[in-house]
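Here come two complexes built around subunit A, the first alongside subunit B, the second alongside subunit C.
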Partner chain A sequence: MNCQLLKDHKERVWQVAWHPNGQILASCSSDKTIKLWQLMNDQYKLIQTLDECHTKSVRSVSFSKDGQFLASGGFDTVVGVWMYDGSKYKLIQQLEGHESEVKGVAWSADSNYLASCGRDKTVWIWDHEDLEFSCNCVLQAHDEDVKCIKWKDTTLYSGSYDNSVIRYTYGEDDEWDHKQFQIEHQSTIWSIDIFNKLLLSTSADCTAKVFSIQDGTLKPIQTLQGFHKEPIYSGSFSYDGLYFALGSADNKISVFKKDAIDELGYPHYALDQIFDAFEFDVNCVAFNPKNYLLAACSDDENIKVFNLQL
Partner chain B sequence: MQLENPKPQIFQTGNFEFTQQYIKRKQQEYDPDVEDPIDEYEIFDLVKSIKDPEHSFTLEQLNIVNPSDISIQGNRVMVYFTPTIPHCSMAQTIGLTLKIKLMRSLPKNYKIYVEIKQNMHIKEVELNKLFQDKERVLAAIENQQLLKIINFGIQGLR
Partner chain C sequence: MFSSTIKISSVSDYIIPSQECIKPLMKNVKLQLDDPSIQLKPNLIKNQNNVAKVSLQDCLACSGCVTTAETILIQTQSLDEFLQAIKKHQNPAIGISPQSRASLSYVLNFTDSEMHSILHQLFQELNVKLYDMSEYVKIAINNSIQEFKQTKITPLLCSECPGWVCYAEKTLDESIINHMSKVKSPQQIFGAILKKNHDYIATIMPCYDKKLEAVRQENSEDINIVLSTREIEQYIKDYIQKSQITPQQIQLSTMAINFQEYHNISSNNYLDYIIQSTVMPNWTVKQNIRKNKDFIEITIYNEEMVLQSIYARVFGLKNIANLISQIKTKTCKYKYVEIMACPLGCLNGGGQIQIQKNTEKANDLIPKLKDIMISQKIQLETTQQNEQEMYLTQFKHIKNESNFQW
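Our next item is the complex of A and B:
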């Protein structure tokens, strides 16, 4: 398989995230740094190492949809906000408030809101005015660690150690309302990805599930079971929803392809390929927003960008 | 501080050394033609000297770990441990110490499972989930206070 190895982190790489232009990849690691890799002459080259924000593992990283901002979340409880100044991403603010490890950061589609979540069971929503970020709201709806967050436009979804998913919407009463979904995962929900009206969840119960988001509920469409023998830490839809990939602690990546649409109009996905991707746990998979390149990272300190030849 | 279990039962150590399986294994160790895979006795060797957080005894002396509650399949290692009492508040520290000691000692491609033996603790489901949560375990290592306690346990009694 055609694949490029991106090697520079000194410890496990927790997450990779694409710039919306599909040319830059950000990665974050237990080595306390964030690295930026840019495509130049068909090769990804390290262009920046961001090491001035975090004093512990950097768990999560995310670009805003306009590419202006980068956010990072770390075990040191800090959320870092970085801004592009025309040549580099520079640290503009360190947001403090979480009481323990930050596990996820994510930007709303309009880049107006940044959300962060963590072991303190909370989700923080931050907004900004004149490049000054401040806390808009602290939401404590989960009973346990909040492991992941994902925006669909201006609606936020979170997945938790309490095995549930919660949806947050900004109501007419100027408050964030929430609704909890018990989506029949038997253990921690490690990741959520969303494509149009489809939500993909992955869990420590070694399964992934696809839901249809409709009428304010999550309707289960498909459970992917038996493909991985260890927790599935990450799932990612391709830009067109034709594929999704899963990355697991069994060191494997699986790729599923939409192969049918049932009488109700719901898609069905079938296994396209499954392969040993790394020596150790796969912590994150992320499809490029423009093409079928798949970035992934692992406990073995490496990042790989796969050309899956789909 | 008042001890939760002031007079724990102390067990005779090394009983397993008389089992046929162990004797055979010992003999094979000196035979260059026989491959020595990592087995349950080797895992036991790694964890037996860990110091109990409450008492000046090892996990072996308190029968918290023993070779028959360890199993290996390929690169998957399962260690079940038995807290001295079902409401032992030290069970979390013991589990984390076992997991971290094995993570440090075994080849990195090993998948390590540490669990409380069935029906041996009032919070076993909750704690077993915690021991299996990689993020929680790794965050514990980055917590200086917790790491000190864990390292003290790993350092053990010699």
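Our next item is the complex of A and C:
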């Protein structure tokens, strides 16, 4: 297996996120910066360091689906919005309102909404007009720290320290409705990823679960347990849903492959490989949107892009 | 989310999982509430063993320690607590806010004045003197008009709402807190005045955050206890069922005004009186919706349609956030903003009686409560005098402080 080491952050790297073109990778760190890396001649080069927004750790980073925007969430309670100006990403606005650390940021598929979530138990939805962002809604549906959020088109899912997943949908009377799912994780839900009608949740209970999004509910399909002995902080589907990867506090990454479809049409995933990835906790894994490259980052301050040879 | 946390001296590492907290202050507090819609979360510590440990992970995930959660504070201001306390005092008093009374009237199916007379009878039997808070709303409004006339601060932000105040103190810089009106809320003015003649003072309010307002150091415990409308509903219902009540039509007064389209009585009309104090005859007042119906801009034009000033009424956290961002980027053009934490204002407060979700929505209910608030009352006027006693408060700047103590 090939692996490229992207080394420049001075402290733990919290998240990595791919640009929709699959060529640029964003990373964010406790060193208060976001770094952008571009694939040039088969090597990743640091092309930009964004350091003018956050005064504390940057916890989350995410590109919009059209690549026009980049959002960041920090422990300083600020959500940063950056825009591509033709040659680089520029900070266009700092969104304030969260009472405590922001843990996740995510763009809706049409880029109309930006969601942020945090320790103050809320999910904030921001919209924009003429590139000016303002708050659309503040949703306090979780009882505890909201660790992650993920859009499926214009429906939003959040995962929390309260062990539940909540789904938010925009209702007719200008309000966002929500529904809570107790999906039988025994502990914090650290990440959510979605591929078509599949939802992948990873948890501090050392398991990952796959659900089918159907009939307004989350139907459990599979639980992956016994592969990691520590919390699983991140999960990511490959662009075609054929694989997903998990990153854990045990320093390992596991990769699962869809190996069967049952009589009801639901996929089954089996372990393809598991390996030591870093010196310390794996905080985030992210499959490239165009191929099987897997980016990952760690408490050991490193970022690696793996060519898993799948 | 709005309320601050209380900090009690050091929390020991081991908390025995039980219904009662080990801290002396909390000894008599039962952690079970009758109202199932109020959720207490004593089980914040995830542990399978007999002894619960608080780990760093738990602490970092939590935004209020188990022993310091406002839910426990709120519990110490319960109906039971009130009923016990009034027996131990010679001269207790209770004030009812117009929003709470409107909510009770609607649900229990009485007119506002009948409701007040029933409450008067109920509390009289408990040796508690009932007050209508309208006179104290009047003082707060008069003080606000005077402050507005004398201030150089723009925008001046109404600070009657404790939810907004707690949020501001926790998350905003001193530079913005300096924009906040220093006038005490009607509840606090009520306490400051009544404590001369009463040894125990209670209020009935449409939200829980008023309980936190009452315990603020700046308010020196003038108010002993705050009950939300919901907490007292059942007690009143039971009383009505078992007593011989003869509800009377008594004359009530009000500061609520609802003559103009832009008037909104839900949170005591602060903005409308401020505007009224600046508008001359033949001037035009126009309102427009900015972003949503809880963010209203009101523009004043003189007789030649030259723009004089702009004001705003901002309800709900999402709109507050947008207003704050205007103030921070210095694009805020309002002279005075009536800010309230609850969408639709105090009539829709978190402590009001909830109507079943399928039968009535807030948008339909609130206009009905407004009608109740305004109907058949003697209109109180603002006073023109320049010299009036000002009831003022202070704010904390706790955004970056790690050791905040009440």
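Convention: the second predicted complex is superposed on the first by the 310 of 310 C-alpha atoms of A that agree within 3 Å, B and C clash if a C-alpha of one lies under 4 Å from a C-alpha of the other, contacts with A are read in each partner's own complex, and residues count from 1 in each chain.
FYI, contacts are C-beta pairs under 8 Å (C-beta built on N, C-alpha and C of every residue); 3 or more make two chains touch, one makes a residue touch a chain.
What you see is a predicted model, and the numbers here were worked out from it, not measured in a lab.
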item: Contacts of A:D143 with subunit B and subunit C, given as first, second, both or neither; value: second
item: First, second, both or neither for A:S134, with subunit B first and subunit C second; value: second
item: Touching partner for A:R119 - first (subunit B), second (subunit C), both, neither; value: both
item: Touching partner for A:Y161 - first (subunit B), second (subunit C), both, neither; value: both
item: Which of subunit B and subunit C A:T188 touches, first, second, both or neither; value: both
item: Partner chain in contact with A:D272 - subunit B first, subunit C second, else both or neither; value: neither
item: Touching partner for A:E96 - first (subunit B), second (subunit C), both, neither; value: second
item: Which superposed partner A:S30 touches (first subunit B, second subunit C, both, neither); value: first
item: Which superposed partner A:D8 touches (first subunit B, second subunit C, both, neither); value: neither
item: Where subunit A meets both subunit C and subunit B, residue numbers; value: 100, 119, 145, 161, 187-188
item: Subunit C residues within the subunit A interface of the complex; value: 1, 39, 41, 44, 46, 60-63, 167, 170-171, 291-292, 316-319, 321-322, 324-325, 328, 361, 363
item: Complex contacts: residues of subunit B adjacent to subunit A; value: 108-109, 111, 129, 132-136, 138-139, 142
item: Residues of subunit A that touch subunit C when the two form their complex; value: 77, 95-97, 99-100, 119-122, 124, 134-138, 140, 143-145, 161, 173-174, 187-188
item: Subunit A - residues contacting subunit B, complex; value: 30, 56-57, 59, 75, 100-101, 103, 119, 145, 147, 161, 187-188, 204, 230-231, 249, 251, 279-281, 299-300
